[in-house]
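First chain A sits with chain B, and in the next complex the same chain sits with chain C.
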Partner chain A sequence: MIEWVSYFIVALMIISAIFAVEWKDLLAAVVGMAAVSLFASIAFFFLQAPDVAMTEAAIGAAMSAAVFIFAIKRTQRYESEEEGTGWWVRW
Partner chain B sequence: MISVYYFGAISLILIGLYAILTKRNILKMLVGLSIMETGVNLLLISVGYVRGKSAPILSEGVSANQAVDPIPQALVLTAIVIGVATTALALSVAINLYERYKTLDVEKIRGLRG
Partner chain C sequence: MVKRALAIITLLLIGFWLAKGLVGVPFGEDKMLVGEYYLENVKEQTGAVNAVTAVVVNYRGFDTLGEVTVLFIASTGVGALLWRRKKERSAKSEGSVVLTAGAKMLLPFIMLFGAYIFVHGHLTPGGGFPGGATVATAFLMLYLAFKEYEIDHKVFEPLEGLAGVGYVTVGLIGLAIGGYFLFDWIWQTWQFGHENIGRLFSAGFIPIIYTLIGIKVGTELTGIVDNMIKEEPKGGGQ
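Here is the complex of A and B:
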């Protein structure tokens, strides 16, 4: 039974990583990155490493996302300007 | 048979490398770097895993010869801390770049324009 749970966790982790890379909203991308860290933490727990799982859950899923959100608050939220406004946009 | 964790870790490394190579936004590249670092940590932990053994914490009923390899776990604890320090430093550099150039696009940040 535990093999199916690990397959499921790894599949969710890869899907979250693809979404974190492909989303244009940087805030949503950071949420995807935190989801990758959360599923990696569950995978560390299944791989019999509970101390690494605790550290990854605290640092990867909470603190790294918080630092990214502070950086997005100081800069801009969306990845690029709107497409289709004119040919000079990509100039 | 290849372990599913090896597949997941190498997939995370490749997705992060794709984000670093193809995206133009600095914050998106740093998201890719963080994903890549998670993949490397997962690969190191899954190398030290032995099937059917328990966590390397000595207590009653668990002796030293029925635990998984504890050395990659100490290595990965160090690597996680180094990774978050690197990410925080890179984000502060990105904030300074945005305040100077008013953009996060790496194709528009050219030269040292005072």
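Here is the complex of A and C:
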């Protein structure tokens, strides 16, 4: 039973990681990143590391998401594919 | 598209290679060498019930000092990068009444819980870093809920420096008394709290250092938030 719950959490973590890099809306990507942090925190808790789980939740879910959102607010919200970006971005 | 496929194939190869290496490592088995020593001796040698904080602050104190230094450099770097002569909050709309009232009511609870986490680092999970981050989250909430809120820089930056200096001072006192940096003088030399293991006043200098780290991390992350949320006033700058 508990095994299947941990499979489920790891699967959700992988899915949210893929979405976090795939979404072109950076605000949505931040949400994906925060979801990865949340599932990582739950996974640490399942592996019986409460210290790491607390730190991951406090830093990953709250502080880094807030810092990313501030950065987006002062730059731009959508990933642009115009000139100025090199071949390493365009694919 | 080709580059994407190539990248995925490369990643799959790297993943396969790592998985092949990890197959030989059994999961959850007792393979501890140093860990055994920590678990057996942690109570007598450091007085902490939480073995993780004992390792992080006491046995491997240098790493924690390095982490604190990294965080300090990150905060200083953000401050240097976003430095302007005159910076103001650029928020245009006040939060709704529910938000501001809720923030006012939640604030003491979040502060208290953050302080609880870093004071009880040697007894319960947590410690300086999550506690400090929780305190910083409370300030983040204030920044987000109120249009004109701003921390008192005359208090915050000196407090951050003082907490860091306090950590090094505790280590240097250990150097003077015990012969090496970060020697736990309260536990080993004074033997303060030896009959008290598992209660608040035990574990030598771990609660002191974690309180200092909590203050430092809290003020540092708040400073980063403050730097990132403020902008140059539009028109009539400088």
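Here, the second predicted complex is superposed on the first by the 80 of 91 C-alpha atoms of A that agree within 3 Å, B and C clash if a C-alpha of one lies under 4 Å from a C-alpha of the other, contacts with A are read in each partner's own complex, and residues count from 1 in each chain.
Everything that follows uses one rule, which is that a contact is a pair of C-beta atoms (placed from the backbone, for glycine too) under 8 Å apart; a residue touches a chain by one contact, two chains touch by 3 or more.
Only a predicted model underlies this, so the values are computations on that prediction, with no experimental measurement involved.
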**Request:** Considering only the touch criterion stated at the top, classify A:Asp51 as touching first (chain B), second (chain C), both, or neither.
**Result:** both
**Complete:** Per residue count on chain A, the busier partner among chain B and chain C is B
**Message:** Quick check for you: in the superposed arrangement, does A:Thr75 touch first (chain B), second (chain C), both or neither?
**Reply:** first
**Asked** Between chain B (first) and chain C (second), which does A:Ala62 come into contact with in this model arrangement: first, second, both, or neither?
**Response** second
**Message:** Need the overlap of the two footprints on chain A, from chain B and from chain C, as residue ranges.
**Reply:** 50-51, 55, 59, 63, 67, 70-71, 74
**Message:** Quick check on the complex: what are the chain B residues that touch chain A?
**Reply:** 4-5, 7-8, 11-12, 15-16, 18-19, 23-25, 27-28, 30-32, 34-35, 38, 41-42, 45-46, 49, 53-57, 67-68, 73, 76-77, 80-81, 84, 87-88, 91-92, 94-95, 98-99, 104-105
**Prompt:** Which residues of chain A touch chain C in their complex?
**Reply:** 50-51, 53-55, 57-59, 62-63, 66-67, 70-71, 74, 91
**Message:** Looking at the complex, which residues from chain C come into contact with chain A?
**Reply:** 1-4, 50, 52-53, 117, 125-127, 129-130, 133-134, 136-137, 140, 144, 221, 224-225, 228-229, 231
**Asked** Which bits of chain A are touching chain B when the two form their complex?
**Response** 3, 6-7, 10, 13-14, 17-18, 20-21, 26, 29-30, 32-33, 36-37, 40, 43-44, 47-52, 55-56, 59-60, 63-64, 67-68, 70-72, 74-76, 79-80
